[in-house]
Every structure is written in structure tokens, then in C-alpha cells.
Amino acid sequence: MAFIARRLGAAVLLLGVLSLLSFVLLAAAPGNPENLLLGPRPSTPETRAAIRAQFHLDDPLYERYLSWLGGALHGDFGTSIYTREPVANVITDRLPVTAGLATYALILTVGVGVPLGLAAAMRRGGRLDQGITLTSLVALAVPPFALSILLLYGFAVALGWFPVFGAGETVAERIAHLTLPAVALATSEAAIIVRQMRAAALDLAGQDYLTFARARGLSLPRVWISYALRNAALPVLTVGGLLMAANLTGALFVERAFGLPGLGELLVTAVARKDIPVVQALVLLGGAVVVVVNLLIDLTYLAVDPRVRHGAVAS
Amino acid sequence: KQDRADTLRWALSEVPNSLDIAHGFNNPSTIVQFAVLDCMVTLGKKGEVLPSVAESWTHPDPLTYVFTLREGVKFSDGSPVTAEDAAFSLSRHVDPKVASQAASYVTMVKKVEATGPRTITVTLSRPNQAFLPTAALAWQIVPKKLAEAHPEDLGSPEVGTLGSGPFKVAKFSLTEGVTLERNPLYWGPKPALRKIELKTISDPETLRLAVSSGEADGTADVRPSEARKWTSLRDVTTTFYPADNIAFLSLAVDQGPLKDVHVRRAIAHAVDRAALVQLMTGGHGSQADLFLPKPQLTALYGDAWPALPTYAYDVEAAKAELAKSAYPRGFTLATPYDSGGENVKAMQAVASDLAKIGITLELTPLPSEKYITQRMDHEDLAVQMANLYYSTPDPSEVLPDLLSRASAKPQGFNFSGYGTAALDAELDDVGRLEGEPRQEAITKVLAEVAEQVPYVPLYHNESAFALNKRFTIDAGTWTIDILSAVRPAGS
Amino acid sequence: MTAVSGTPLFGGRVARLRRTRPGFLTVASAVVLALMALAAIGGTWIAPYDPAAQDVALGATMPSWAHWAGTDDLGRDVLSRCLAGARSALLWPVIVTLCTCVMSTTLGLLAGYRRGWLDAIMMRIVDLLIALPGMLVLIVLVGVLGGGIGWAVLALAVLFTPGDIRVVRSLTMAQRELAYAEAARTLGLRPARIMFRHLLPNIAPTVVAGALLSFVAGLVALSGLSFLGIGLPAGTPDWGLMIEENRTLLDLNPWASVIPAALVTIAATAATLLGDRLFERLSDAA
Amino acid sequence: MLLEINELTITGPAGTIVDGVGLTVAAGEMAGLVGESGSGKSLTARAAIGLLPKGLRASGSIRVGGEEIVETAGERVLRGLRGRRVSLLMQDPFSMLNPLRTTGAHIAETMPGRATREEVARRLAEVGIDDPSVAKRYPFQLSGGMRQRVALAAALAGDPELLIADEPTTALDATTQHEILTLLARVQADRGMGVLLITHDLRVAFAICDRVSVMYAGRVLEQGPGTSLAQAPAHPYTAGLLRALPSVEHTLERLTGIPGSVPPAAQVASECAFAARCDHATTRCRASRPPLREIGDGRLTACVNDTVPLLTARDVATGTLPTGSGEPLLVVDDLVKRYGTHTALGGVSLRVAAGETVGLVGESGSGKTTLARSVLGLVTPDQGRIELDGLDISRRRALTRQERARVHRLVQCVFQDPSTSLNPAMTVGATLSEAAARAEPAGRLAPGDLLELVGLPPGYATRRPKGLSGGERQRVAIARALAVRPSLLICDEPVASLDVSVQAHVLELLRRLGRELGTGMLFITHDLAVVRQIAVKTVVLFKGRVVEQGDTATVLDAPAHDYTRRLVAAIP
């Protein structure tokens, strides 16, 4: 319990520092939102002044930060300058798309990466291993946007198996729409998992307790599942969690290429428009996701690994 | 299949952020606004101002317009459009609390009053020919009650909007797009489409793929430079029309070598505009000699454009001009540009052209946001390229902004910084005068630009609609409500 | 993908390999990288055309005898630009790698060897940096603060470093407990000497492999930034920028963007492969 | 016969590793397999259970309970055999159990039927764990001895007829080792099982095994009943091993190891594998590979000569150790070190006089290393005083630069693990000259001289640690420590992980250096026989406290403290 409390405390502190940093950084960045709001079109001084007042752009920095922080603590992240919607709504509107994409990609990543990694490890040095390793190397190296375009041309346009853009509305539609983006996103991540899993499994294969288990007559599948998978799960889980976190904020190339209205796309446009409340909330969200995922990973370690549970090793 | 036939799926390259022109004065937003909201007046095929919600108007003196409201116009919720509504719909743009993006369009408006149950009187502070065409755009009629209740967020997805136009909003979401349905209470002819779904696809290539695969039926976001790719699509008709735009280089006349008119002329000679037209418009455009959008020139002069000095592409002539200046061997200029903008390629071509006469442009990429801020603050202007799009046929939407001394300051659009008292007076004339004298005044201004070269006009381009063959469109440069101009093929 | 820092891709204990001749792929990777490095150094001389020379009137053309890889829409020779582009495409990731490597090795060694408050403070900072959503920070930093490639390189280095610091630190901590390190301390050697002469060579395999991975991640990330229009000035011959600039030419001369994309992929693959093999070899030799 | 191995040959990528081994274990028999590290014991054991590591291939014949398992048996058959007929107990109790599973689960999953809690508790009781709550604990919560008991219970859970125990006690300290071996013998007798006990501890093998096979370079060189082997070895190799064995009863005058090191099996395929290291080797030994031949009494040997006297009186002559000058060199007073709530040292006082060697014995975790590290300045004690040659060094940070430099010249150390004692990235020469550079400029020795001092050829200076054997590495480590000419050398179990023969060499070297250089030593070990050979005085540490100290002879021959008595009793 003390462990969890300590972790939570650290997480909150971390988010606080993150929010302050990003706030100062964004405020210090050149440019004014009203320029973009008013676009490449003449404006009047009155309008500009009104906008500055409306968004408290002329208040001292610390005041702005404090009032923003006060709001944020109550779940109010201010109003988007560009769309005049509460930031919370702007984000929750787009969250399902990105969350769906991230989850889908993670399922693909793990579903493909773990078995392939295991297979490569079991056939270490063989044809299969070399094939998988090489493929994963290439997958790791393809720039994600190039891959997106390739998939788009191949499977959506030439073959017509998948829709070209958008996120779909019903569940079935959504799955169809998210398939190609998820593949584009999962490719390099699956490569990471393959490598991780392979290394973990190789590491494991040398462990005495696996030999001991087999020497006692445990069946091979049982040894792999209850011993190998479980023990290799932890390092893979760590990476998987971080990938999930990265997906939630880092999917922007893919979202852009597939016309998905997700958080990554939102970030790019919000940064371009200097829609500070949105960027600020997104940075915080991104930080929170990473922190929460880390926390969850810690908790899983706690659940899975008795050594951590009993404080025998530092996690 | 019947309901597919009269449902249009339209693709936008950006999210419509507001259904109110006060907060969403941008292409994706206005295209939706005009389908939902009526304006007081509208534009005809040739750019002439036509009645709309205003049945008629009079212009008793240069400062006064009196509009008569059409009878029986109702908002889509059934409530009538009153003179109060109409008057408030214009005057709200002046209110600082609204902080309207259209505010600069109504600076000449002094007073708007409902002077009768069906009459609205507008008083201007100075005579301005641009007022009426501007009203076809900015004077969108919204219910006064609603607009008053939401000065800051009318048109946002939360508040939405209410109009008397041919369509009404069924759904407005920033992520899922906009759905419009036919407004049964519309006073005009019954709209041909029952339903319009608008989706956003920000990547231009994905957008094209979506239209070509039939997942989207049409779009207005066809980049001129990619025209050839669109015209080759099988089930898609791409209709081109002259855009109300002018692409130009601005030369900051108040600093460094650009102070020298010979340098400026040398630059004008050195730029290979024909090649630029090919590069940027893929043939769907033309070289610009006069410093006004092509449709405006046509509206103004018909076919008889004035013959003013022009600067043909001629490296020798350019070198000769440069030799007359204080910098015969050339010089170097730091040239920031918008790395996210459309002119990246054009700037490279220009830089390479100028390099031939010894002028080096050091291209410095800036993120759009930073670039625009810097440009609006009039920092590091030197040589800038811009391609400005306008919406009315009136030159006074263009010229004062680009040439008056008042807008040669930060936040103004006069990036060349060029300006004289005499020119300011001429620009006043352009706004004030009507008919033949006005035409002459404009010619004088254009002549001065041609002579002094604060700006180098580069090209005019065409815009296009791409539309699946299941639909047709009857629209052009001046069409305000594009969506209503689409109809199922064969109907 | 680079956002996932803090996890070494070269996991755990690596079973010792027999000494074998380097395989075909290893040699091929080394050759490819060497050729690319050559192009980076002398690409502008070998190039058949001036990579900046335009012929706007010619426009984009398919490969021909005059232009083996065709031209882009400004009429520039794609082959020449690919050759010349090696320089900036490889140089910036190399700088990212060097920065990352130097920072993470020095700081990781310090933290892992000295422990105590220095370590505590450093690890808190590392935690903070790792919690930052990488790509997001990069976009915000570079997109808002300004377009220079310098910022992008710096930001990438700062993003890559904390993960590597953790790796180096934990390796250092393990090494410093080993008998040879303790013996060095007992001899009264200066800490700097122990860290750099004794511990560093023994964690070098991981550092080298990590460096190659940073290079790959930097290469891909920087080309990604070009995709978003951030970083290098337009017109610079650079693979990432070429992919983006010529993406619209897929019908006129697809090679103008396909070749640079392939080059990025090949360079990244070769570097990862080499990193893999080098790691196994170095840890085998130790 | 439960296990019958015939002509077992194991080949790896680099060639043959095990070459024609024959071995049998009968029901109710405790068979022993001894041999130096790398001789192929473990591989033979793994082959017998069908679990050779990847990349290795077995040929020949192994019959488990009459069933042939080499090449013919598939995974199904093998799985039927494992656990039920034959089971394996491995060396390291710390890595043999799955860290994520409870001990109960380990036992339960191996049992044939459904495992009730009572049954699990019964199985635990069989291996001497009476507390049933242990079933719910995780391996990391148990001590090494407990883990090995649990592992034994798990290995026995399927009621195998044959247990292969691969060095089950090597990682444990002396007393625990004794307990586990006793337990193993008891269980074997109770169940009437066959046991193949693999060990490198000759004393253990000869004492408790009915029959012992001596392996060398992948071959069995000698076989026979343990006791007769110990008394009259019939192979020079066995004799060499016995000669190298330190005696616990008296200080030997000379400790003799076998010269040279074990060759790879593939290199000596067609000659007597031991010929190169054998004093009695003749051309006949090299001509062909001598087969195992019967010499009566149930004994077999692979030596062609049969008349050589293999053990001489000289091998057991008593010697003496230097007693030092009596001037105090190291004075430790009331030293306390705590790790959190755990007290590693609870007020330890001891003295080492100049030129004398003091042995420090104690069970695992008793604080021996902590004490050594405190003296070396690698840990800062919480309390107490360490004085070295009159200089108070308990607070290293408080010392001046010069004082610190002096301390580094006063005390040096040799650590236990030869595999990490040298920096793998530096050549031997670099390591040594770096150390020598820290010495007083006057008496600096070149790497070559240092190597000579520890009996290595100067050519080794260019080698890297990777190419050295464990014994050679320890020698280099000693040379490095001696490079600054320290007055005190701390040896933290420097021979614990070496084979007997190498151990003898290293011990003899240390004894010689102590004598010749007059270096005082604090020698940590848990092997009383080693203490007897090297230390004049002995300090017994128990749970962080000194429970007994005095002359080695007194402490070992007439132990006063209960713990010391147990320690002495644990010697096989």
C-alpha cells in the first residue's frame, strides 16, 4: 500500500512539473493565437484586443497558470481557441478513435509479435529465426508514413478491401476502417515486441528452472505457458505498456495519412494553430497516459512477481 | 438506392470549426455556413449583387442603404426572420465582445437599424463600393435571440446555429463531421439534395483517393498544382473556374537593396512567370501582369484591360536593370517562408531564378504559425510570396489593404510597405467613386504598382470542384452557396 | 516508436555465439552503409547534375537516359539529389547519435558509479523525461519554437538520452559490483579512470548497439519531421524531404519519392542489422 | 539396472565433448560421478534425462529402466520417463525454482495424481521441512538450504526410481551441505531409490557413494567402490586429485596440484586423455586410447600401468606455517554494520599481526565479506574502529590524500570469483602495470616480474582474461594485489570455486608468498581444510559476531563454541 501511495504521489508530482513546464514553454513560444484565428485576412485592432481579453492572453503568466491549474483540477481545461468548445469535449470527442486505434494496434502488436518472437527464439539460428529477425529489422526501419501510403495504395485503392479514410461509425465499420491504420501503426511496434520477446525467451531458455521443470516431467506446452510466457511476460509487458502510451499520442502520422480524426491529428493542427489550451491539455493527457501506464505496469509487476510484492527487489 | 441518389458525401480538407462566420471565416466553415444560413444579398454569375433575404434595396445617398425584407422567410425551426434579426446579424460583427473575424469587413458600417417591420437601414461612415458585395458574404442572418445569448460561441458544436437557408444542421461534430438535411421551410426553390454529409480528410492524397474510390462524392479542395491528377480520375468530373485570387511577390521597399526601384524591376524581369504558372497550376492558370484577381479585372474592364508596363521574363533585361542600381553584382536576402504552406516549391523556383542575376535568397523555413506571426508583425519581410484569395468582385476588398499606408504597419497587409499620400487619396477614390471615374482611379493605382513594383504579380489560377459523375454542379467564381449548386445527375 | 525509450532492444543475457565469419547480411549492411557514407562525403561530386539546378519548364519526368531516376517537378535530377541528399540524411542522425551517446554514457556512468544524491536527482529527471510523450514533445517543441533542424536534433537527442542513461546506469551498477571494479577501487584509482577505462569498455557493446539504434530512430524520426514540414529548408537535398516534396508526383515520377523512401529504409535496416551483429560479437568477445 | 549408459558420446559444434562413457546405477545404489570442471559430468546427466542443450547430440546407448532413450525416444516417451522413473536435481538452488511460483506449486505440479495440501505437506516433511506454511512461500523467501530441500521434494514428487543429483550442494556452505547430503542419503535409503550423485568434492563422493566413477575430459578413467578408490587409487589422475586434496587433520608440508589443465575431449580422442599431465606416461599411453579394464575387487581403470605406487608418504608430511612478527597490523574493534534492519556485523573485533595469516570462517551470510569490504574501504561501517598499521581508516573520507594513497598500498585483496576478478577488456599486462603504477616508485615491479612471482610465464602479459583458466586468473589477481607490495592481503574465498588441483596450486602459491614476502593475510573461507593449510590463527564468525578465535589447531581440534563444533562435524 505504501508502495502504491508513493508511486501515486510521484505520479502527481510528475504531472504537476510536466504541466508547469509545458505551460511556460508554450507561453514563451513566439506567436499569438489571434493571428491564426483571424487568418490571412485583415482584422481590426478592436477584434484583436477582444480576443486577447477573451483568452486572458495579457494576464501575467503565473496567474494564467494558476487559473488554468485550478480549472484543470476540476476537469475544466478551458476552451479551445479555434473551435470555442470546451477542451475536455474536443478531446473526449476524438479519444475513442485514437483509443480504438491504439488498442487495435496493440492487439495486433502483441498477437503477432509475441508468437513470432517465441517462434524465432525456439528456432534460434534457423531459417525461421533469420526470416523473422530480418523482417522485424525492415519493419523497424520503414518510416511509418511511407508504410501508410503503401498500405493505402495497395489494400484500399488497388484491391479495395478496406475503406480509404475516416473512422466509421458502427462497430463493424470501425473495425474495417481502423484495420489498415492499425497495421501501419503495429508494424514497427510488432518488430520491437518480436525482438524483445525473442531476447526474453532466449534469456529464459538458459534458465535452470526451465530445465528442472522439464526434468520433473512437465509437458513442453505447459512449461512454455506457465513458465516461459509468464516469466517473459514482464519485460514484454513493460514495452507493451509504453507502446500503448506512445500509440495514444504518437499515432499522428498514421492518423494523418488515413484521415482519422484522432488525438494525434488534433495535436498537429492544434500546434499549428497555437490553440494553447488544447495543446496544453494534450501534453498533460500524454504525460498522464505514460504515468498511468507506468503505474499499471508497476501494479502488474506487483501482481505477477511475488519478489516485487514482498519488496525483495526494487522494481 | 434512391436515398443514395440524393445524398451527397462531401470531403473537406480541414475541419469546419464554427458555423458562424464571426468565428469561422475560413473555407471549410463557410461552405457549410452558406448552405445553412441565408445572407441579406447574394452574388450572381457575373459577380453582380442580387436579392436574397432582402427582396430589394435602395441606395438613396452614398452613405445609406435601405433593405426591404422578403416576406415569409422563416428559420428552420419555424420562427419568422424579422428586421430585428437581420439588423442584429450585421451589427454584431462590430461588437468587440463577439470579436468577429468579419469585423474588418464592416468597419465602414456606422449604424444598422430596423427602421420598419420589413426595412433595415444601414448607414456608412464613408462611401464604400465594397459594402454591398461584402454583405453577400458577411451578413449571414441568424436569430437575434440566439446570437445575443452566445456572443462568443455561436456556431460551435455545442451551440450550433439556426438559419433560414436551404439546409439545416442535423449533426455537427468536430470529429464525425457535419450532416445537413433539406430545410422544408426554405423560401426558395426546393433543394435538389436531401442530405449532405461532410467529412474531413486533411491529407490531400488521401482526399483524392477517397473521391476516386467513390467513398466521397465531391470536394472543392482541389489543389491547382495537382489538377492533372484529378482530371485523370475515371468516375469523377473536375470542373475548373477562375479563382478570385492573385499570387504575387511582395518586395519590402523600405529597407536594404529593395529600396531601389531598379532592383525591384530587375526582380520582376528575372522571375520566369510562365514556368511558375506551369509549376503551380499545372496549366490551370495564367501569368498575371496586373495586380488584381482575374475575375475582378474581368468584372471591371470586360475584355479591354488597360495596357500598362509589364516585365517579361528576360534575364538580360533584369541584369541591365540591376546594373542601374547600387547593387550591380547582386546581394543576399534572408527569406523566411511558410514550411507548411503551398508556396514552398514556388519559392524555390523564384530563388533559383533570382540566383541567375546574382540575388541570393536564403530560404529559411518557419512553421506556419510562426511565419504568419512574423509576417503580421512585419519582421524580415524582404521578399515574400503570397497567394491571396478574395470572395467579392470588388477591387476595394484588395487594393487598400495591400497599398495604403495605414496597413503598412504591423497587423496590416501591406507587406511591401509602399505608400504615399497621393496613393492613399487615390485609394479613397476607389472606395468612394462609382462607374467610369472609379474605373479610372483603379487603373491609376494599377499603373503606379506597375511602375514602382512594390509587388510583382505572378499568376492567377483556377480552382476546381471534383465531383462524382452521379452528380452535377452549376457553380463558378462567385457562387456563394456551393453545396446547393450540386444536384444528382439527370435531375 | 522512438517514444519507447528506456527499454533496451538488446535484451538480457545473450547466449554466447560461436565465432563465425560475418554472414552475408552483415557484410552487405556494412557495404551499404559505407557506400552511403561515401555518398554523404562525395555525393555532390559524383552526381551527374547539380542537385539544385532547376528546369521548371521540363518539370517532372520519368527515368530516361539523361536522368536515370527522372526529375522532380522543378526539373531537378532525382539521382543527383539522392546522392547529394545522403549528406543531410545521414549527418543529422549521426549528430543525434553522437549527442545521445556522449550524454547518456557520461551521465549513466556517473549516476551508476557514484550513486547517492547525484544519482537520485538524475533519475528523477530521467523519470520526468521518460514520462514525456516523445513525439508529442517533439512536435510541440519544434513546431512551435521554430523550424530549425538544430532544434529537432537537440530535441531528439534529449528524448533519446534518458532511456539510454537508464540502460547505461543499470549496466554500470552491475559492473561496479564485480570483482575487477572493486579491485580497481582498492588500488585507489581515480573514479574517472575506473569509469572510463574499466567500466566503459565492458558496457561498450550495449552502448554501441544503442548508438546504432539511436541512429536508426533519428533517421526515421527526422524523415518523419520532414513529412510534417518541420526541419530542413525546402530545396535542401535530403531523403526525408524528398519523400515529402515528391509525394504528390506519384503519377508523374513515382521514383522521385520511392527511391529516397527506399534509401531511408535500407539505411535504417542496415544500421539495425549491423547493431545487432556488432552487439553479439562484442559481447561474445568480452 | 535403473540406468545403463554405454558408449555415450556427446558431440557439440566444436567436436566431441563426452567420449564413450559407460555408467550404471542399480536400485538402492548411490553412485558417484566426480571429475574436474568441464569434464562432462553435467552433460552426461542431462543426456540421461533426455535434456541435452540445443546444438549437442548424443549417440551410444542410455537405458532408463530398460528403455532406450538415445535417438529412438521421442518427447512423449521421455516425458513419461521424466519425473516418474528418473528425475534431476541441479546445482544452483537459487535458479532452479521458478521465482514466480510457490514451493507448494512446484511440488504439486510434479505429482502424478491430484495434490492435496496434506500430501504437499507430507512431501515437505520428507525433506525435513516440518512447517507446512513453507508451501505458500516463494523461493526468494527461503534460504539456500531450504530451497535445495524444496527442489529435492519437487524432484521426488513424481516418485522416481532414479534421482540424478548434479552437484546439489556446491552452492551451499559447509554445514548446510552436510545436512543436504545426509538428507539425500536418508531419502535414498528410505525409498530404496537409485541415486547418481555428481560432485567435485572427492571426500563426499568417496565417503557416501557405493560406487564412484572418475571422469576426465569426457571419459571415465576409473571406477570402483568409494572407499577402496580413496585408499588405493588405480589411476594417476585419481591419485593426483587425492594428493591435491587439503587435509583437515593436519597442515600439509606441500600441497601438490596436477600440473597443466584438462584438455578438450576432442583433442585427445585417440590417446590416454591424462597422458600429457601424467608423470608416468609412456609412449604406450599415447599410442592408443587405453580401454577401461578390470583390476578385480569390482574396480576398473583406464591406466595401462598397474605397478606404480601412486601415493607416497611425502604427500602427507606435516608442515608449519609462519607465525608473523606479532606486531599488530590490522586492528578491528567493535565493528558494526547494518543494512536497514539487518545487522551484518554486530560488534566484531579481531587482530592480524604483520606477516601472519588469519583465517576467517563462518556460514554464508555471517558477515565475512562485509568485514573484508569494510577494511578495504568499500563499505563504510556504522560504528567501530579499523586501524591499519597505526592509521585509523574506519572513515575513509576523513583521510588526507597522502593517507589514502598509503592505505591503498597497505591493503589489497583477492576476490572469490575468478570469472570477474579481471577486467575482460584489458590485457593481463595492462592490468598489472596499472596496479604497479600505484606502488611506491622505488620498488615497482614490471608485469613480467609480477607474473613470474605467481608462477606464470611472462608471455601471459599480452593475453586477455578470456583466454585464461580460472586458476590462472586467480594468479593474475594475486599478482595484481601484490603489485603495490601490501602488508595485508585480504583473500575472500579465493579458491572456493576452483577445482581441487588448481586450488592446491593457488593455496601453495599464497603460502609461499606469505612466507617469502612476509605479507599478512586475512583469509576468508568456509572450508576448514583450507584454513588448516593456510592460517595460523582462526576467527569464527557467526551471525555477525565472533564466537571463537585462537590458534587454528585449537579451534579445529577442540572447538569450544557450539557452532564451531557443528562446522567441524560437517566435514565428511
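General observations
For reference, chains read A, B, C and D in written order, and residue numbers begin at 1 within each chain.
Here, contacts are C-beta pairs under 8 Å (C-beta built on N, C-alpha and C of every residue); 3 or more make two chains touch, one makes a residue touch a chain.
Owing to the predicted nature of the structure, the values given are computational and were not obtained by experimental measurement.
Annotation of subunit A and subunit B: jointly contacted by C, touch as defined at the top.
Between the CA-based centres of subunit A and subunit D the separation comes to 51 Å, rounded to the whole angstrom.
For the pair subunit B and subunit D, the distance between mean C-alpha positions equals 88 Å.
Between subunit B and subunit C the centroid-to-centroid distance comes to 45 Å (mean Cα coordinates, whole Å). If each chain is reduced to the centroid of its CA atoms, subunit C and subunit D end up 47 Å from each other.
In subunit C, the positions touching at least two other chains are 143-144, 146, 228, 247. Each of the following residues of subunit A touches two or more other chains: 30-31, 124, 149, 205, 271-272, 274.
Contact between chains, as defined at the top, is found for A-B, A-C, A-D, B-C, C-D. Residues 14-15, 17-18, 23, 25-26, 96-101, 103-104, 107, 152-153, 155-158, 173-176, 199-203, 205-207, 209-210, 212-213, 215-216, 340, 367-370, 372-374, 376, 386, 388, 401, 407, 411-413 of subunit B are the ones touching subunit A in the complex. Within the complex formed with subunit C, the residues of subunit A that make contact are 10, 14, 17-18, 22, 25-26, 29-31, 124, 133-134, 137-138, 140-146, 149, 188-189, 192, 195-196, 198-200, 202-203, 205-206, 235, 238-239, 242-243, 245-246, 248-250, 252-253, 264, 267-268, 271-272, 274, 279, 282-283, 286-287, 289-291, 294.
By the touch criterion given at the top, residues 52-54, 56-57, 59, 73-74, 142-144, 146-147, 228-235, 245, 247-248, 250-252 of subunit C touch subunit B in their complex. Residues of subunit A touching subunit B in their complex: 30-32, 35-51, 54, 79, 82-86, 89-90, 93-94, 97, 149, 152-153, 156-157, 160, 163-167, 169, 256-259, 261, 265, 269, 271-274.
Those residues of subunit A that touch subunit D in the complex are listed here as 124, 205, 207-209, 211-220, 226-227, 230-231, 304-307, 310, 312.
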